[in-house]
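In the two assemblies presented below, subunit A is common to both, partnered first by subunit B and then by subunit C.
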Partner chain A sequence: MIRTLLSDDLPRSRALTVLLIGIVLCLALAPFLFPGVRTVDTAARICIFVVLVASYDLLIGYTGIVSFAHTMFFGLGAYGLAFGLIHIDRSYLAMGLGTLGGALAAAVVALLVGLFSLRVRAIFFAMITLAVASAVAVLFSQLSSITGGEDGLTFKLPRSLGPAFKFGTETLDGRLFGVRLNGKLLAYYLVFFCCVLLFLALLRFVNSPFGRVLNAIRENEFRAEAIGFPVIYYRVAASCMSAIAAAFAGALYAVWLRYVGPDTTLSMEIMLNVLLMVVIGGMGTLYGAIIGAAVFVLAQNYLQTFMESAASLVEGIPVMPNFLTADRWLLWLGLLFVISVYFFPKGVVGRLRRGKTVPH
Partner chain B sequence: MSSALLKTQDLTARFGGHVAVNAVSCAFQAGSLTAIIGPNGAGKTTYFDLISGQVNASTGRVYLDGHDISRMSVASRTRAGIGRAFQLTNLFPDLTVMENLRLVAQSKSARPACIWSMASRHKGLIAIAERALEQVQLADQRKQTVSELSHGDQRKLEVAMLMTLDPLVYMFDEPTAGMSMDEAPVVLELIAQLKQRTDRTILLVEHKMEVIRALADRIIVLHNGALAADGAPEDVMNSDIVQEAYIGRGLEGVLDAV
Partner chain C sequence: MTAAPEHTPTMVRRTVSELIVPFTPLCMVIFLICAGYLAIGIPSSWMTLTLSGLAMGMMYFIMSTGLTLVFGLMDVINFGHGAFVSLGAFVGVTVLLQLGAFSESPVLWQNIAAVLLSICAAMAVCAAVGWGFERLIVRPVYGSHLNQILVTMGGLIVAEQLIIVFWGPEEIYFSRPEMLKGSTEILGATVEKFRVLVVSLGLAVFALMRWVLRRTKIGLIVRAGVEDREMVMALGYRLRLVFVGVFVAGSALAGFGGAVWGMYQEVITAHMGNQALILIFIVVIIGGLGSVEGCFIGALLVGLMQNYVAFLAPKFALLSNIGLMVAILMWRPMGMIPVVKAK
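Coming up: the complex of A and B.
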């Protein structure tokens, strides 16, 4: 049962298994274990970035394609959801339709970019994606009447996903283990379960016959073609799949934030963060996405706080506080990154699996 | 010659000013093994490249079973029945030996691009790969990655890949080069068995005289990209053109020099 859910792709290392179970349990129970607006928000972001990073790994780690347009697809999903809720109505159906519309747009753009440029050299594809992504980002921040421009769009979710919606007031007194039963809690679990589903779907995809061909293409595209796999077709299809998954993640992000704007979904900064998360977790293994996203989002949200308290500890010692002011958190994040790449060139997962033989 | 399984017509490969294969017209019947010989740089590998599509013909055509496949992509030609073992080992280095062969079996299967089933549960394909492993005596290495294999074992896997593909046209490019004395016979025995299949044709680039004597029904000689001789093994070896082309060295000398 578990094997089938995980598509026969088990973590293959006890330490990794323990770590993954720990992270997933924390995320599953986050509203109860760490009640608090900020912690639950962090947990939701981790869930969403796990999917986004996993879908990117499908390209870079499994197929060996470097793309810089991944956040564009993320953004298309997010805007799709927003358009659905704004232009249709505040219903779940509108959410679904908006998301599907965004995913479809993502797939079409990925198809066009892929057909146009995946035939040629990898570097050319990377450049094209960079250009298209920048163009779309500019377009979305200029078309203020439709996209809200730089300000983005705020919208209302279905009533049952808002904080004002309460349930279980008669039977449970509106609380479970001291946590308020409201729409925000529902929104968290909507995000959480959709992310679990998307992750398992991606896991199935990379372990399917199709996914195995992607691995073969990464290893030796010349031979993959010579044993009868049309490489272009597989590459373009993989890039569409990855775009669709990213669009779904984007829609979930919009659900969680109840807002969409260029900075939260389309920016190059997010693209870079995704790259870092893939590298930290380990390329070519979807479990790496879980670890990479968890480590990175936690660092992003708590490194600053941690440093503030560290800075107050070293007060009085010359120079030291300067390194630890909260503004320097990016420096430390960069350091964290360099150290992790140096010590774990194959990411955390690669490190934990070291010496383990591959199955099948 | 409509009964030929494979036919090349004026097949030419030009690289800039250099003509690597020069207007080679040749037909290959099903149920036969043709040895292709010629010195280094004669164009043997490029001739294979033209047939399987890695190099596009500058002029000329390739026919498989009467159909023109000259404009088809490499993958489509493979699907149509052209198969090839490469002279320079050309595998998936970080995948396991098993996975290399399983991928070939998958390519031949009814739904090679299924996206929802698990590759690990297609037992039929794994069994096909397993059989190929046993044929070339690599079963014990199934879980190793290709990059961990010895050179000789990589060569055996290269042959096993082609055996698993089981095309109509088998092209072997120096299959036993780099194999040890006890490894080569395994592969040669497999090729000999292949000859029993009357609906297949085999093209073999080979330098070892005794191998050619044992296996070839026919020899063609390429020289500077052109077809220099074509016929039954004993005729070709004694033909004037071969003797003249390699004055003082004899064919054995030519073959050794290659």
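Coming up: the complex of A and C.
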């Protein structure tokens, strides 16, 4: 059964399996294991970023093309959900419709961008997506009458996903293992199970014959074309699929935050975070997404505190504290990024799987 | 042996359309200027916008020409190019502020000397950093576009953060040298004095680059290398050295452009290189990766488009440039002046 669920793509390393099971169990039981606003928030963030990173890996790891517009699709999904909830009503139907609308918009944009940039050289794709994504981000922050501008939009979720909604008050006295049974808990599990479903769907997708063709294109574009696979068609289709998955992840992020804004969904910084997560976890394997997202989100939460204390250690030396203030953590992330591309191009998963032959 | 044909060889006269085709990119610039006139309708503001568009175009050209040559020569795409723009702006402005006596005096030649000196300083620093960047960041990832994009993007972030470390996170405001402030009237249109300087600097750089590429031996090697790298190497030229030279020169030019752009805006931030990078990419894609002439024309188009649209519908300035890029890629998928690789 597990084999079918995982689409016959097992972790293939004992350490990796243990690690993955550990992470998934922690995420599944997060509200009970680590009750606390901040920890549950971290867990939800990890879930969502796992899907976002996995969908990005579909492009960068499986197809071998680099896109800088992934947060744009993420944002489209989030704004789609927000528009649905604001302009229709606060119901599950409106949520679904908004999300579908966002995903559709993402797919159409991905199709258009892919068609005119992948036609010639794959390298155009990276440059053009960078330009398009920043134009869209500027547009979203300027059309303030529709998108709320820099301030973004806040909206109300269906009542049963809010913290005021209580259930099980008669049977369980409103508590289970000491955790309050309310809408926030429901929202967490909505996010969690949607993420699991999306992840499994992506896993199914990359292990299908279609995914195999994508791998072939990554390895040797020319040969794939010669065998008779229209490369551009496959590449554009992959970029559409990954855009749709990213849009769904964005909608889930909006559900969790009850807010969308350019900084949380469209900014270049998130794009860089996603890139880093892919590289840390390992390109070309979806399990890398789980590891990368978990490691990165945890580091993001705790590295800044660490840097703050390191900065106070070098107080007296000139310039040094500038290197270590919490605002400069992008500097260290950038360095980490360059170093990991050089020395660990296969990421954590690649390390753990080292020496194992691929059974195909 | 067959006898020679009776008739004498005839020269086929080129048709008018064949004569025009090589000049279509240039015609696009003129067409855009005319379209701008029709859309704006007020001659004086149109003049102002056209001139500032040309000035901006010159700056984009200076900033992007290095990127396009580096790609043409070695197939290296450098996302870190934007960092040199920021660095050039910061070094240039720092030097300009140091030369306070020169830039505050009301003598024109002293002001221009201050500007030129700060540009030279920016170029020198960027050239040195560019050399290191090539060594450390670019060299280990030759041949793999994916890794190049990732590593140079990482380099861009690190460079941007290092600028913040040394110059602080705040925007730096300053004022231009005394005689280059304000504007003059040319043919009824108000033109900022600094823009005239920028246009002349840009034209000078373009002329110089054209001369180097067309009339000198090193230019010949560079052009040949863009067309067929292996052949040039087989002839015994150390193209790697040439490439490093081009990379350093390109970085210096990006610094040049950044310094001028910083003085043009009178405010500099560490993120300005990042913003410039987007337009630089649009310019090199429009022009055709590897082509200097295409880059020049593409830069003019982008600069003009930016200014016209910013006047007509300010929110859509960046989007209009993307529209321009899409239109040109529909027309010529490899850019306006495609570089034909002999492979």
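Assume the second predicted complex is superposed on the first by the 321 of 360 C-alpha atoms of A that agree within 3 Å, B and C clash if a C-alpha of one lies under 4 Å from a C-alpha of the other, contacts with A are read in each partner's own complex, and residues count from 1 in each chain.
Keep this in mind: contacts are C-beta pairs under 8 Å (C-beta built on N, C-alpha and C of every residue); 3 or more make two chains touch, one makes a residue touch a chain.
This structure is a prediction, so every number in the text was calculated from the model and none was measured.
Colleague: By the touch definition at the top of the document, which applies to A:L335: first (subunit B), second (subunit C), both, or neither?
Modeller: In the superposition, A:L335 touches subunit C alone.
Colleague: Tell me the contact category for A:I128 with respect to subunit B and subunit C: first, second, both or neither.
Modeller: Second partner only.
Colleague: Check whether A:D263 is in contact with subunit B, with subunit C, with both or with neither, and answer first, second, both or neither.
Modeller: Neither: A:D263 stays clear of subunit B and subunit C.
Colleague: According to the stated criteria, A:N207 is in contact with first (subunit B), second (subunit C), both, or neither; which is it?
Modeller: The answer is first: A:N207 touches subunit B but not subunit C.
Colleague: Return first, second, both or neither, reflecting whether A:D151 touches subunit B, subunit C, both chains, or no partner chain.
Modeller: Neither partner.
Colleague: Go through subunit A and flag every residue that touches subunit B in one model and subunit C in the other.
Modeller: Overlap of subunit B and subunit C footprints on subunit A: empty.
Colleague: Where on subunit A is subunit C touching in the complex?
Modeller: 60, 64, 66, 116-117, 119-120, 122-124, 126-128, 130-132, 134-135, 138-139, 142-143, 268, 272, 275, 279, 319, 322-323, 327-328, 330-331, 333-335, 337-338, 341-342, 345
Colleague: Show me the residue ranges of subunit A that touch subunit B in the complex, using the header's touch definition.
Modeller: Going by the criterion above, the answer is residues 4, 7-8, 204-205, 207-213, 215-216, 219-220, 222-231, 234, 237, 241, 357-360.
Colleague: Which subunit B residues qualify as touching subunit A in the complex?
Modeller: 52, 54, 73-76, 78-79, 84, 86, 90-96, 98-99, 102-104, 106-109, 111-122, 126, 143, 145, 161, 165
Colleague: Spell out the residues on subunit C that touch subunit A in their complex, using ranges where they run on.
Modeller: Within the complex, subunit C contacts subunit A at residues 77, 79, 137, 140-141, 145-147, 149-151, 153-155, 157-158, 161-162, 164-166, 169, 274-275, 277-278, 281-282, 284-285, 315-316, 318-319, 321-322, 325-326, 329-330, 333-334.
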